[in-house]
Structures are given as structure tokens and as C-alpha cells.
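Each structure below is given as C-alpha cells.
In the two complexes that follow, subunit A is the common piece, with subunit B as its partner first and subunit C second.
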Partner chain A sequence: MTGTSGFSRRTLLGATLASPVVLRHALGDEPIKIGMPCALTGPGGEVGEQMRRGAEFWIKFVNAKGGLLGRPIKLYAQDTGGDPATAVRKAQDVVERDGCRLLFGMTLSSEALAVVPKLAEWNAIFMSSDNGDGRLTGESFVPNFFRANTSGPMGTRAVALYLRQADFKNFYAIGMDYAWGRNSIGVFKDEVKKSGKNFIADVYSPIGTKDFSTYITKIRQSGADACYIVMQGDDNNAFLSQARQYRLGDKVQLLTEIVDLNSIHAVGDAAIGLIGGSRYTFTFPGEANAQFVAAWKKEYGNVPDVFEGEQWQACQVLQAGIEKAGGIDADKLRPALETVEIDSIKGRVTMRACDHQGVQKGFMVKVVQKEGFKEPIPDLIATFPADQVTPACRQMTYDS
Partner chain B sequence: MDFLPFLVTQCLNALSQAALLFFLGCGLTLIFGIMRIVNFAHGAFFMLGAYVGYSTVHWTGNFWAALIVAPILVGAFGAAFELGILRQLYGRDGHAFLMVTFGLTLIMGEVIRLIWGVEALQVKPPDSLSDIVFILDEPFPVYRLFLVGAGIVVAVVIWQFLERTRLGLLIRATSQNAEMVHALGTDVRLVRSAVFGIGCGLAGIGGVMAAPLVTASLGMAPNAVIDTFVIVIIGGMGSFLGSLIGAVLVAFVQVFGTYYFPDFALAFMYLIMVTVLVVRPGGLLGKEA
Partner chain C sequence: MRFLIAVAALLALLPFGLPPYAMTLLTEALILGLFAMSLDLMVGYARLISFGHAAAYGFGAYASGNFLLHTSMPLPCAVLLAGLLGGLVAIGVGWVCTQATGVSFSMLTLAYAQLLYAVAFKWTPVTGASDGLAGIPRNPGPFGVTWWSTKAGFYYLTLACLLGTFVFCRELVRSPFGAVLRGIRENEAKTIALGYNTRRYKIAIVAISFGFAGLAGALYAPFAGFANTELLFWLLSGQVLIMVIVGGAGTLIGPVLGAVFFLYMQQQLSSYTDSWALFFGVIFVLFVLFMPEGIWGLILSRFGKKAA
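Moving on to the complex of A and B:
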């Protein structure tokens, strides 16, 4: 009995001594779980796929280097079909079932707006990489939401700043009939009026519109010399293809909030001449971008598109925050993220505490056919400083 | 733009839209007329047509080839589906067909995603159709005129086929009294397979024709299936002429409605449907009215 008890005491002692080590080791292997409910099918499917690819690329990159804080990262991607109610349900799934306390995704702004009110209850941080709606860092702001990407108002602002120096006088606008479209055109309208030019009218097409002939007729008839397009995915492709068939570009300069490679690929020559804002393009200057593009090409055999770049930047911001906080606990991560400042593929990005918007530069590109490229590519034509592009805290409009 | 050129170009726009809607609606209504089943997968066959069209243009460089290959392949696939799966279900009630055809939509969507990827694909019309013509000094795409022409040709061909050929006769007879046709010594099952194949083939043509306007994309199926149902309900389930009238009506109201009241663009189609259902619950030319 004595022997046994001595043995057990020693075992107990050993176990006590060893336990922190064991515990720390176990924690070290505990993956950092990131939930990613995003639209992989439906009208936002292409964008959602890009976001997922961007996140997967980053995770592969980080895990190959031994993980983040020594912990591997694990992604829980879910398809929302672009539906806000489904987005909430899938987000709840990854949080409650899979135990994620970090969220990416929510491809459409309508999905993000539906999810953000729940973040506090879930004690989860949501790092947006593509949501455009200005309200997310304005009236709908919640402390657990961060936006690393260029917002809709910021994209539009870059376009507006460009217009001040361009020759166009009469503007028309067409947008997809949902949060992002209406929000962006509202900002654009403001900007046109402020620059002393004439805004003729705006029109909104229901999501999933296939025939744009009537809208194209309206634009032609308006007498506008430039038309601002706020569209995405299938709708954007359909509009540009049909606009080309009606030779709309001969009469009206087409401007857009976002130029992306997917739609250039989908519509081919119909994209040539399009001028637009760019949240990210592989042709951006800088060493960081050159390295990213080279690594991406090696992995996927093609160049990264807008939301793949934006997702990468969002991942870099999150990574910097987690490294600074030393963990993913929301109460520690939040203040850490509020002061993150990194040199990203788009240049300097500074997260600000007041509304959690990433302060960053604005870019304008024109779609051109260049030698050495099979398809037309976006070419950088203007860059605007971050302080001119980013709105005041919790604002979606600009004073000057 | 003066009123006359506006009116003419808008009418042509509406007719080109009607042609695309007709390819879809006519196939669906034929299938319903014969088989009394609602083919939920119709949009998926339309989408498959667009993707097969893309690949045909990609490999042969010839849009005309796509217009032949796509309906044949899609039609054959439809007929095979009827033979292999739907045929097992004829004893059951309508729910079984809804479930199976809806399931097929999901499977086809996923398979297309695996084969062709998520990115939208460009289908270029041939150069001869990519040009514009001036109609009363207004530029108008030749491709849209081609759609109008194709719509008329297909409508006439199907009408003649239903009225003048033996198979057309059998189809009409089967839709009126399948048991009697069967008793008279015709294999009704073959007629069903043929009709399902033809209906799907028409959706396939529609897919190829729509592709240069909207690109081939995964969003095509759900969008198309709703429009198609609305047209068929307006025209009357099972009525060929009804689907033609439904398509033209929806297209015109859509084009002019969107022009004058863009905020209600989405509502027009349903507004016509509701009106028709209230006045004639079986559809304009429906039998159950």
C-alpha cells in the first residue's frame, strides 16, 4: 500500500509539473478557426469564390510557415447563395457548431448587414474583405465589425475625384436594385453635384435582370456623355455585353465603380474603354504586390482578381491584429485591430478605431488592350491619397 | 430620339426578348401538355444549352454549329432522363416529379460548375451578327434582329410540326386522351420521351441564343425557370399558342413598363400573371378555365 501510495504521489507530482506543458502544447495545436459563410452560388457566386480562394491561399501560406502564433489556421467555408437569411443561419452554424470566433465572407452587403447585429452575442470578430455598403462603418456600425477593403463610398469617391479633372459634363447612373447599388449611386450623385456638373437621372435594375435593352435606350436618350454603372457578376456581364451590341460606348463614356478581371474575361472586347475605380488590380505598382502576384501565379497559374487581392489584404490586417493581440479573444483582438497599420499590396493601410474602416488609397483604371496579354487588362490611370478617399468617421459622404 | 424610332426599336427589343422567352415557355408547355408534369429542371436545360454552346463555339469557332449541337445534345440528355428516371414515376402523384426535377436542377448546376467553373463565359456571335444596322437613324444590333427571326422560324416550324406531321398528331392526341391513343396501338411512352426531349432541346436552343446577351453563367437556371413558369401560367398550361402569346405579352409589358416605370420593373410580369389568373384561372388559352 505504501509503495503504491508513494508511486501515486510521485505520478501526481509529475502530472502536476507536466500539466502546464501538456496544456500549452495542446493549445498550441488548437487551430485558429475562421468561419466563412459566403455566396459561392447565385449572382454573387463569382465574387464569393474569389474571396474563398483568397482566404485559402493565405491560410496555405501561413500554415506552411508554421501557422499563426504557432497555431494552424482552419477555414470553415459555407455557401449562403447570396441570401441574407441564409447568411445569418450559416454564420450561426460556424460560430455555434464549429466554434469559430473569427468570420470572413458575407459576400453581399445585404448579408453583412443581416449578420453584424449578432456579432456581440456570438463574441465574434468579422473582418470584411469586400462589403461595399457605407452603413457598415456608419449607422450600422458595431464594435466587432472591421472593414479592411475599400468601401462603396470610397470607390465612388475615387471616381468622383477623377471626374473633377475629366471633361464630362452630363451624367447618368444605372445600378443594381439593392443596398450597394443605391448607396453608391447616392454618393456619386452627391459628388457630381458638388463638382458643379449635371446629374441627369438614375435608374435601378432588379437583381438578375437579363435584358438591358430598355435601360440602354434610356441612357442613350438622356443625352448624357458619361454613364456610371454600379453592377456586379451576371448583371454586369449582361449589361456590358448588350451595351457593346448597341454601341453605347461610342456615344457615352462608361464609368464603373469596380473594374474586375472576371467581367473583362466574360465580356472580352466589350470591356475596352471602360473607365473605373479599382479596389485592387494585379497591375498595381510596388514590391509587395509584385511578390503577391508572383506567388499567386505560381499557385493558380493566373493573376489574382480584385476580391482575391482584397481578401489577401483583409487576411494581412487580421494576421497583424492577432499577432499584436497574442490571441483571438475578441476583447483583446478588437483594440489590437484598431491600431493595425500595414504595408499591403495596395500600399499603406491603417485601421482606425472610430469606425473600423481601413484607411487606404483610391485608384482609377482604364481597360485597354496591351501587348503580351491575351485579354484586355485594367491599366492604372490615377491614384488618390488615402485622406481624400476615406470619409470622415462613421460618414458615407464627403464635405468637399 | 424621336417617338417613331423609339417605338420601332423598343418593339424590336420586346420581340427579341419574346423570342428567348418563347423558346423556354414553349418547351415547358409541350411537356406539361403531354405529361401533366411541371419540369422544374427546365431552367437547368436552358443553362446546359448555353454551356454546350460555349464549348462548341470554343472548339469549332462556329456559332452556327452551336445552334445545331446544343439542342441535339440537350434534347438527347432530356430524353435519356425521361427514359431512365421519370418513366419510373408515372404511377405516382405530382410531388414526385417536382422533387425529382428539382433535384436534377441542383445536380446539373453542380456538374456544370465542376466542368466549366464558376466564372461567366463569353459566347461570341459570328461577325455577321455582331454588327449594327441603322433603323430610322438609330443603331440596332443585328443579333437582336436575328433573335426575332429565329423566334418566328421556330414558332412556325413547331406549329407546322404539331399540325402537319404524324408525330405532331400523336402529341396532340396524347395530350387530349393518352389512354385512348395507347388503346389504338401507339406506344405513348415513346411519345412522352420524344416530347420531353424536344422540350429540353428547345430550352437548349434558347440557352445558346441567350448566351451572347447574358454570357453563360450559373445564375441562368433559377432566373429562367421563374420567367418560364410565369409565361406558361399566363398562356395556359399545355397550350402552344398560349406560350407564344404569353412570351410576347410579358416581353412587351416588360420593355415598355420598365421604360416608363423603372421602379416597378420586377412587378410587371407578376402583375400580368395575377390579372390573368383572376380573370381566367386556367390561363389565357388554358383548358381548365
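Moving on to the complex of A and C:
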């Protein structure tokens, strides 16, 4: 509100009040406000930026077509720095101050876990596009939370299913020391034991760790032939580039829950050979994805990364729900979202009423150098059907 | 006294006219005000500069958070008990820290706070480590009493704690006990020469001060519904010290105003820039240079009275 105009505030106010209702409607209905507190700075900042870009891209796309239900969409993005306490405060700000009743963002699972108990009081719906922790659709489930993305347990399950056909016998795991890291590695441990293989040990690095040399030495000396990594953002980049310096990959196959372009870009050729789950990659097959990638390239000049694609999918799910409900009122939108089924850039996504998890396929990729690309890219090596990767309702582990 | 009743009445009427967002901010301001007031007891009256006051705040928050999450203790009981517990633990802390004086005392309080911070990061079952404690409820009392679980109700509970603390602290600093504290502030050697065991007084004021800081933290946990290690971090210890100085140390009311001012500026500045702390730093420097008696000192001088 710092811009200056030729009108004084009073004349502007007078004009607005005097103008007929019809005219005001013609100028645009009450916007649909979406609050987005996410980590735009700090170790998760890159992930948060991707989420915001994904949301902005969708909003631009929808608004250019006349809005959603004829109403323009407005985004209220806020930086949380990846701190759960700040996430609660910023979410409170966008809800109470800015009047948002829809939420995106909450980059870290710990932020989401802190915010979800407040959703009922705020009468707000939160559509997650990246939160991994299985508890959000398990013991910490609240009715106003929806998860359109692949969860941590789901990503881990895809890796585990792939490993059942592989030769690795002894596993080590390293994760970021917070909700997602511990949750995913817990699931991985369970899967390894079920497949009759040996789980050596797990280790957790504090968020924002820069020097991984002691961790890497531990992994090297453990006798593991494969190491499962649950990391994102700056921590992930630091770990992968240091793993390369220590030639960890010569001895141990590196497996990761999420292969993303950002870390490939950061570590370069060191990423070649990395195997992992993928929540989204621009190389996924299908017409819907090809169109999305083309539109994205036109807008930003590069291909979309994991969380940009996941955010787009979350937006599609929310949009389908709002169109079905005919509004954003939580009591109407909730039941509408519970029956949403869309064909997304990853294929079919079905929102499940019992725990609000988006049921979707699981993907495995391998980082390879391909002709026509400057950098190595994630190449699809296996796809698992949705019923194999999605856990039972409100569960985080798998029976078979 | 008349002034106090007028202010209390005004604060009590505010929930009827304010939108929810303003209520949230005001409640947080009062909690921070209570926190700052507790520090003022040490800084303003005994010249004991604590750089680890967040330790008491975070301790109170974790204590009440655990009571509320794991027992069915009614909210006010959990809050009061957490404050009391904070005060009891602080007797030991005070005993250790008052071995030193001046800067060494400040460093010891800082060390204690950082120790607690490190413990909180590892003690997952109690503190939730870096994820914190989420979903802290506002437990109902017996016979279905739940008035404190609403926005306005929680505000009144906070207001009652703040006013109660203010009255207690005001009587305390006016009592002979308070006179000894001021003696310590002005000339500790002389106070000792007069036959006072100043160390005992210092331990007592540290315990009382930390206890009220614990009470503030204990209110914060159910207010935000969340507690994590940020509440124990030295940054908060620094911020509360700024609130005391900007508001006016040694006045009890001043630090509350300092807290309100701090929160307001934080809200305003952070909506324009991410580096709001930089601008607040400039404001702080201006206060120290040109208004050493703080906001409350300014108000008193405007009305022709001398700051206490």
C-alpha cells in the first residue's frame, strides 16, 4: 500500500461506495485467498522456493483463464525460515490478519505437525504438497488436513520394493534429524527387516549440518553395501558433494528417498548412479506431464523440479475440490475433497476419505547422463502401482 | 492504585471491541510483558543482568506443555505449577550463578540457558527435540469449566497472571526486601557491611524472577499450542533484555510497554522487510543514547513526574 496515485484516499473511498454493486462485481469478485507460510530461507529454503513457484505458476494459469469459480486467486506467501514456531505464527497471521481460509506451504513436516492442531480453530483447510511425515495421515491426522503428495512412507516403500529385487544385503541409513527423517528411516528399517536383509544402523544429522565427514566415515566403516538417504535442500547437497569427495559411492550404493534436480545441479556428475524414489520428475511419461513441462519451460526457461511438480498436483487437487464444492467454506470443501479423483502429471490421484492421503503410484529413478541434456537427469527405472505403495488407512508401515 | 484499576479495566474491556487478530497479538504482548517484567526484577532492582532468561521461559513452556499433553490437569493449574517448578529449579541455578558477579554472572546465566537448549535438543521424549511439542491443548477444568479455552478467556487468564504478578512485584520492591535489592544495585559492598547476606537475597530474587518468567513461558505453550527449542535460545534472552531497556528498567510497568512496543515493531517492520531486526537495532541504539529511561520514563516526564 505504498504506491502513490492521483486520487486521494477519500475520493477513492467515495467512488467505491458510490459505484453500483454491479460495477464492483464486474471489477472482480472477492478473491480466493491462499496463505502459504513456507521456508524461503534456511536449509529448506530451496524446497520452499520451489513450492512457492509451483503455486504462483498455477495461480497465474488460473487467473489468466478468469479465475476459479470466477474469482481471482491471491497468494499470501510468508517466510518461516523452516522453524515450526514461526510457521505457527505466520499461519496465524495469514488466517487472522489476511483472512485466508486455505493454506499451502509448511515446507518441513515439523512445521506441518505444529500447525495442523490449529486448523479446526481457524476453520481452514491445509493442502500439503510436500510434507513427508506419515503421522500427518496417521496418529496426528486432523480432518482439515489433506496430503496430495507422495508421503515419506510411500517414497520409502517404493525404494524398498525395488530393493527386493536387488543384491544389496547390508543397509545403513542417514536422515535429517527431524520428523520426516526419523519417520522415513523408521519405515525403511521395517521394510529391510521384513525382506530378511540386514539393517546395520541409522544416524541423524541436525538440520543445517554442513560437515558430513564424520557421518561418511561411519558409513564407510560400517560394512554396508547400500546407504539410504533421507535429506533435502542444503543438507542433501552438502552430503552428496562430500560423499563424492570421500568416494563413498565406490564402496556403497547411495539410495535416496527423493531424487531432485536441485541436488544434481549442485553436485554435478557426482550424482550419476544415484538411485532413489521420485515424487515427481519432468521425465515422467504421459501427455499431461508433457504439457505441464512445456508450459513451465515457456514461463521459467527450465524444467520443473520435484516440489514444483508436486505443488502443481496439490493445486490441481484443491482446484477440483473447490469446483466440486462450489466454494471454499471448510464444511463444504472437506467432503468435496474427500472424493476428488484427478488425472494429474503423475497419473491418477485419488483422495482417500479415511485419512486424506492422495493415493498414487510410486516411482524409482536412476540418475544418468543422457544425450541432449547438459546435466545428468533422473531416468525412470521402475513404477509401482498405487495400492502397493500407499499404506493402509492411518498407517505408516506395510503388512507384506 | 487508581491508575492501576483504570488500566486493568481498560484491558479487561478490550476483547469486546477488538478483532481476533488484534486479540492474538495483544495476548502475546501481555505474555511477553510478563516475561519482561520478571527480568526487570533482576535487571532493574538488583542490577543482575541475566543473559539466559529464555531458559526460564522455555522451561515453563515445556513444563506446562508436558502437563497439558500427558495429564488432564486443568490449564490454570498446569500454568501455575510450571511457574512454581521453574522458581524451585532456579534456586539451584541462582546458587551457582551468584557465585560470580557482574559480567561473569551474565555469562553463567547464558551458559545455563545454552546447556538447557542443548539438553532440549536431545531429550526427545520430553521436548520432541527439533520438532517440538505440537498440539498442546487448553485442558478443561472440573465440572466442565472451559472459559479459558476461548480466545477472550485465554486473554483474561493471561491478564490475571500479569496483574497478579505486577501487584506481587510492586509490593516486593517496596518491601524491606526490595530496599536490600536496591542496596545491592547501588553498592553491594556497603550492603554487606550493613550486615546483610546479599548472596541469599540474590538467590531469592533469581528464583522469583525465573519463576515468573516460567509462568510466562507456561502461558505461551497453550497460547501457541506449540513449544520448541527456540523458546530456550539466547536470541530470546537478548530480545527480552531489549524489551526491558527500551521500556525502562526498574519500573515494572516499563518492560511491559517495552514488550508491546517490541512486538508491534516486529509485526510492522517484518511486513516490509525480512531484515527487520536491523531496523529495530537502530531504534534500540537511539533509545539507549537519547532515552535511557525508556518509554515509561518518557511518559512519566511528560506528566511531570520523575521516573522511579
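What we mean here is this: the second predicted complex is superposed on the first by the 372 of 400 C-alpha atoms of A that agree within 3 Å, B and C clash if a C-alpha of one lies under 4 Å from a C-alpha of the other, contacts with A are read in each partner's own complex, and residues count from 1 in each chain.
The definition used in the following text is that a contact is a pair of C-beta atoms (placed from the backbone, for glycine too) under 8 Å apart; a residue touches a chain by one contact, two chains touch by 3 or more.
None of the values given here were measured: they were computed from a predicted structure.
Look at A:92: by the touch rule set out above, it reaches subunit C but stays clear of subunit B. Of the two partner chains placed by the overlay, only subunit B lies in contact with A:218; subunit C stays clear of it. Once chain A of one complex is fitted onto chain A of the other, the partner contacts of A:234 are limited to subunit B, with no touch recorded for subunit C. Comparing subunit B with subunit C, more residues of subunit A are touched by B.
Of the two partner chains placed by superposition, A:310 touches none, neither subunit B nor subunit C.
After overlaying the two complexes on the shared chain, residue contacts for A:209 are found with subunit B alone; subunit C is out of touch.
In the superposed model, A:178 lies in contact with subunit C only, and not with subunit B. By the touch criterion defined above, A:84 lies against subunit C but remains apart from subunit B after alignment on the C-alpha atoms of chain A.
Of the two partner chains placed by superposition, subunit B and subunit C are both touched by A:41. In the superposed model, A:191 lies in contact with neither subunit B nor subunit C.
In the superposition on chain A, the residues of subunit A touched by subunit B in one structure and by subunit C in the other are 41, 177, 206. The part of subunit C that touches subunit A in the complex is made up of residues 19-21, 24, 121, 129-132, 134-135, 224-228, 230-231, 274.
Residue ranges of subunit A in contact with subunit C, taken from their complex: 41, 79, 83-86, 88-89, 92-93, 96-97, 109-110, 113-114, 116-118, 140, 177-179, 206-207. The touching residues of subunit B, when paired with subunit A in their complex, are 1, 6, 9-10, 13, 16-17, 20, 109, 113, 118-122, 124, 130, 132, 139-141, 143-144, 210, 212-215, 217-220, 222-223, 254-255, 258-259, 262-263, 265-266. By the touch rule above, subunit A contacts subunit B in their complex via residues 40-43, 45-46, 49, 177, 203-206, 208-211, 213-215, 217-218, 220-221, 233-234, 237-238, 241-242, 245-247, 262-263, 265-268.
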